[in-house]
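Both complexes shown next keep chain A, but they swap its partner, so chain B is in the first and chain C is in the second.
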Partner chain A sequence: MCGSGDKPPKPSENGASSCPAGSTTQTCPLKKPHLVELIEVVARSPEGTVVGAGAASGKLATKTTRTDKKGAAYKQFINLGKDIDGADKRHPEYSRAVELRARVEGEGSLSGLTVNFRYVLTPGKDRPAGMTGGVKEGFSSDGGAATTSSSTDAEGWSGTVEFHLSQYAGDQYEVFAQLSDGGAEKSIGKFEVWRKFWYQMTRATTHAVPAPAKSVTAYAAVCADMLAATEVTFTKATAPAGTFYPAYMVRKNGGDGEESVIGNHNRDQFYLKFSPEPGKPVKGHLIICRNQWDPAAAPTGLVNESLTTDPSAEITVALGQWNAGIVKPALKGSLVSFGQWTQGANSGAITDADIVIEKTRSGIDRFKVKLPAGAPAPTAAAPVNVKLKLNYGTYWGGESNDHQMLIVYDGDDKAFNQAVSHEFGHGFALTPSDGKQTAPLTKHATYYYNDQGGQGPHCHTDATLVVDASTSSGKRWSGGTCIMYHQLSPSVCKQVFCAACEPHLKLKDMSTIKTAR
Partner chain B sequence: MTNRTEIAALMQKSAPALLRGDAQALLKLEVDASDIAFQGLQLLAPQRVPGAAALPLVLLVQKSSLRGWEVDEERNLALAAFDPVNGQLQVGPVLAAPAANKTLPYNLQRPPRPPASAQRTTMVNTYRFDARERLDLARRAGPLVLHALAWDWVSNGARVELDADPAHRAVPAPVQPTPATEPGRLPTYETTQRHPPLPDAGLAFRFEPLRQGGHAVLGSFAKRASVAEVLPAPLTMATGNGPRQVVAVVHIALAVVALDSTQPAIASWAVPVYGQATVKAGERIAGHFAIDLAGLTAAPLTAGQQGYLFMDDQVAGPQAVGVQSAR
Partner chain C sequence: MLIIRQTQIDVLAQLRLREFEDRVLEHLRHWMPRHSLLLGEEPMRRVVQHGLRKARRYGLDSECTVIGYVDLMCLLGSGFDTDPLLPWAAPILTEAARGDPVERGDRLYDAAWEYIGRIVADYRDQDGKPLTERLVLLLREGRATPREELAEAAFPAFGEDLQRTLATYFPAKAAAVGEAQIAALAQRARRRADQHRLSGQRGILLLAVLMFILGDGFDNDPLLPWVSPILTADADEATRVDRLFASGTENLRRWWDMEKTNPGH
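What follows is the complex of A and B.
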């Protein structure tokens, strides 16, 4: 009975009172205020509900739906700002914060009730122990409190509560809310820490390049989505001068086919082909070239040769390094930096027109001289002396300049993928030297530097230290299988960030691409 | 006039412009040098450099194209800086390392061997660089003796006076390594029949394989004693041959260079001169040493490596690491 003076019936667990059937008096059933929903919200003027990790609200219109998932968890891309596409398109799935509200229903005043929030963490693989401060999760701020509470307004809504995920990729969170005086607990989640970045591929239309699928997989394994942005292509007509050479110029027996050659002589113009997009702020520019060449800083040494035939026999220039060659026209400026022929008192100039590079030359450090008109015909008895200095080039396997990366693709898919993953890895500050790792991670176990091979910080997982007199330590790591090994090694690279690198990469926020060397 | 002195004279004639990096002067040097039948390395340095100012050097390398292919400069051209006061030796590459943001091609190979005619093609390269950018000379003061190395080639020595530092005074160093106290063990500073003959002045040495593996270096030297080397009074030192009187201590450094390396194995020693009575600066002193090189290099020395010894302004070598009979 619900008669006057009777005590109200005991509320059920969900706050609703039970009332005997047929009761006709008083206000019955009496509903004790109780939590009816815990939702994710996004402030998009007006505020609305985000569906996915949480359900739709009975009161607040749905604004957007989360779709990026890994298993049952919703990806939270912590390296991107919520408003990169504008406040009216605020992304609830970006940044470390998720915004939550709880709502109470029931009779009587709904204002001033206290809702308590807590979370449950499922740690990501190899999450370091002792995460504190800014890299840790918490309410209201990075590294904030483990619990929080909020008072309801007259309509029963709690304030918007921010839960900040950690910075460690793969950490999963479920958030719970409960009225302070008990009742059922509501939950939302799971949210998982992810990062997202994009790559823009720029390539010659004649240079078919596959998508870097192994790189995409490698980054997904460390909870980072690597997504293709709009590709840019170029032709000989739209490329800067000096971009296309017949292959025999840059490679012994290379043939007549023209190939892209990109380097210091033209790369700035390729940098301009990068399309910045506010909505894709972490975007790398993969400038794909068949050959990466730079003009040498200074011409060759002086070549001193006695010609007994015209054209001459093949002349080898000691370029001083293995990755160098002579191409015509020179990558930059004239090919002949200094050139003269002499025979007795006669002499004359040698110019670019007198330098012959044959398709069949026995090495790319070789050329012939065809003496200009007016020069005497050389013989064994009366040779013509030639002194020459040529502008030459050096060739490389790739380079990175923050988000601008030159990547060589020569048909080796594995080398290509390792190069892409590797250069982005440097861009995300791999491999950190001791002291540069993100706390609380300890020293990277397989880090090494130039003294044991390569240029810059690298990883020697599965490698063997071999004797090598060319390094300052006398030893060099050989046969590394990690993406961050110093040498592209398509035959042995496992196309993964190894167990030593993985936690270091997972603890990076990846909000910028900044080459670490 | 030898070909080397002709080259040296050419460089001295235009020294200020060359050290300044004047492009026309460097080109003229290459053109003029190419008419001199010289093959080797020649180094030009200023005589004195103030404070922490740049230490510009000009290195001329003249060789055949074939030699250039066999001993390429990126992998072999090194600068050795020996401080005769404290015996420290530093060696580093002459050519700057590639930019750290560049990767070498994964399939990089040495270019194909040039035809025999490349033996007749000569090349002259000049390199102008700041020694301070190659070696850690930031706080160094006093004399410095510079040599360029390219495996089995060594340049002239160029002595540079860096601004003297009062703290950088010359004092005799303790003997290092200390002699073995058991007879017949290394190191020893006694002479043996296996030592090179004592030169009138300078250094002579050779490598000798050891029966138990590894190598020893056996050397003999003679020189005029410097103030920094003489002891105020003879010092008694225990040796495998009983107590000996040390009257002077001489700094000698060793570099063992491998082909395709600008990072030689280095050792610095303070070698005792035995005698009965105190010697004076300027007097002739002589000594010997036999030192086990175990631990000097990451791997045992191998045939084909080249050794150089540095003492005062002099360099001895190259001396090939041989495979003579075991001692």
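What follows is the complex of A and C.
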């Protein structure tokens, strides 16, 4: 029945004698000790075989089977500890080390034979030249020796040999073993350097958000599996105050429907919705909102208006920023920081209750004043003067704070995916400034910082430097195509880590999510 | 001087053989766990003894080559050495310059696994999961074949139907074997049916399918002890064919169910 699973060894390697079966003679020559298997093992009390990159053992029970593959190579997730799910569930496919044993069979004593181990590397794309020390591969330790040896015991087993893969994603390894006095060489592999991380999406139940498929693809291209963890949802009842606003408050012509608004005023409470899991230690928290708004640090300048009607005509306040607006209630504290009406010697206070924001307002920097009871009715002949300072907010497209990431999803899948990939990229320390790159990589060729646009370190691949008075350098990179470009640019972003970023990301072990600063 | 009688030597030889059989059984429990579980120890011991006799006939008498021979019996059917659908086996087994049996056993092994590599797509999907349903579907389709006697004039059409059916359910194996061999299989199935007192289309088709799936010698295979009692039973053709269908389906289901519950060792 050809449906059988594991392949049995060939006659010369099945461990049985070469003497005639059932022989009663004593003259049969001894079958010379020879290597019959090179297997991957995992110590799960007791030790057992890992099937996949290697075959099942003729002697040692199978404990687990590797299933994560890219092409013919088995993925080794170097950024995770082997025992994160407990020693009894030890993961052979985690950490940089794979554990191997060879076994000898034959007649006569099997102990004290020397098995030599070596490896063959197929370098990952753009692996930097001159990798040394801790980021390099080797036997017994990170950056260890290129070969190693082990003596067999009475049953013909070598000791457990650790082979440590490099830290460079995409590097592939095949390991070989051979008895020191020759004979057939056995091989195992290939193993390929990968990393794995998870994302927990936290969103409003009313806010349908797609899986970030383009981000998953972008990370797979740099040999990192990005996997969904359990989603968390919230409602108005379970969200902090100030989370839901009618859309017209945050967007011109936005309508009455309520949308999530998350920012400095409430994000700490959303951070608490993150569910740490020991088995998913590298997990990012994607807090998805429809709008990201932060309360401005200081109120507007003094608004000085002369009202001739009540309510007033629409008043535009100069906010000094393209990404700012007035919402009621204010994101934090009271909307009116200072408010006073005067007519001649009469005066009174203007409070939040007197600020009117209409669904039809012509911009989010506009409002009306409805004078409070007791104030005179203004006319053209007898206007009422109003002085105001309002607390306002600024809106953004996403931010990251280590594993906590605030992401806007407004229905633009490309922008959403870029934001997710981008913030995780920061979490994995992209884009490194000169001196902060992992050796032996040289300076990141297209790195720039705040003075040329954005907040934080970014990448300007395919961008051009344009004049921009709002930056400290007077210039700004425009039209970048890399995920790590500072602006959400769905029409030009290629949804990939560019050739300049790719090797830097591939040489990260990704064992933590720590924002580059 | 110590004198050893022939009877003592015979006893010693029996003991050594028994020990050898035990070692092969242990090997089979590890590498062919489903065969061992399905048959049980004594029937498997008879398989080993059968394999030993045949391997010795071909000069493959080393312990390791006998084990390799029994492995191939389990994978390809006990009669793989004379199976016309496996024409690569006989030349290696019967070559005049026999040479080192271990080296020849290795060549037989390599040829067998090269063949298995070409047909395995019919048995397992890309992830290595067994494709159970197509076996059952094939048997079910066979069961819908008329019971009427297969007239000589209808035989060419029967052969064409067999070609089409096997190519549908087992495309990789049908391609590996080739049309000419399947045409010859139809002829052999008809002769074999005659030996088993079967003349209806349904019975002949069933024999052809089982010869194709389980091996040409499936009706006398110690690995398939349920077959022979059905075929030689004192019962009419319809009853025996129905039992063969039922037992075939049942045994295949048990085989694959064991895969589900016992995927490893």
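Here is the rule we use: the second predicted complex is superposed on the first by the 481 of 517 C-alpha atoms of A that agree within 3 Å, B and C clash if a C-alpha of one lies under 4 Å from a C-alpha of the other, contacts with A are read in each partner's own complex, and residues count from 1 in each chain.
Keep this in mind: a residue touches a chain if its C-beta (ideal position, glycine included) is under 8 Å from a C-beta of that chain, and two chains touch if they have at least 3 such contacts.
What you see is a predicted model, and the numbers here were worked out from it, not measured in a lab.
Trainee: Contact-wise, after the overlay, does A:Ser489 reach chain B, chain C, both or neither (first, second, both, neither)?
Mentor: After superposing on A, A:Ser489 lies in contact with chain B but is clear of chain C.
Trainee: If you count the residues of chain A that each partner touches, which comes out higher, chain B or chain C?
Mentor: Comparing touch counts on chain A for chain B and chain C gives B.
Trainee: Once chain A of both complexes is superposed, is A:Thr62 in touch with chain B (first), chain C (second), both, or neither?
Mentor: second
Trainee: Where does A:Thr132 make contact in the superposed view: on chain B (first), on chain C (second), on both, or on neither?
Mentor: Neither partner.
Trainee: After the superposition on A, what does A:Asn401 contact: first (chain B), second (chain C), both or neither?
Mentor: Touch status of A:Asn401: first partner only.
Trainee: With both complexes overlaid on chain A, does A:Val51 touch chain B (first), chain C (second), both or neither?
Mentor: The answer is second: A:Val51 touches chain C but not chain B.
Trainee: Across the complex, what residues on chain C touch chain A?
Mentor: Going by the criterion above, the answer is residues 9, 12-13, 16-17, 19-20, 23, 27, 30-32, 34, 52, 55-56, 61-68, 71, 74-76, 101-103, 105-106, 109-110, 113, 116, 119-120, 122-124, 127-128, 130-131, 173, 214, 255-256, 259, 263-265.
Trainee: Which bits of chain A are touching chain C when the two form their complex?
Mentor: Touching chain C from chain A are residues 1-8, 10-12, 14-24, 31, 51, 56, 58, 61-62, 65, 67.
Trainee: Mind pulling up the chain A residues that touch chain B in the complex?
Mentor: Residues 252, 300-306, 313-323, 338, 362-366, 387, 389, 395-401, 408, 412, 415, 419, 422, 426, 450, 455-456, 467, 469-475, 487-490, 515, 517 of chain A touch chain B in their complex.
Trainee: Under the stated contact criterion, what part of chain B meets chain A in this complex?
Mentor: Chain B reaches chain A through residues 27, 30-31, 34, 61, 63, 65-69, 72-75, 77, 95, 97-106, 108-112, 114-115, 117-118, 120-126, 258-265, 297-299.
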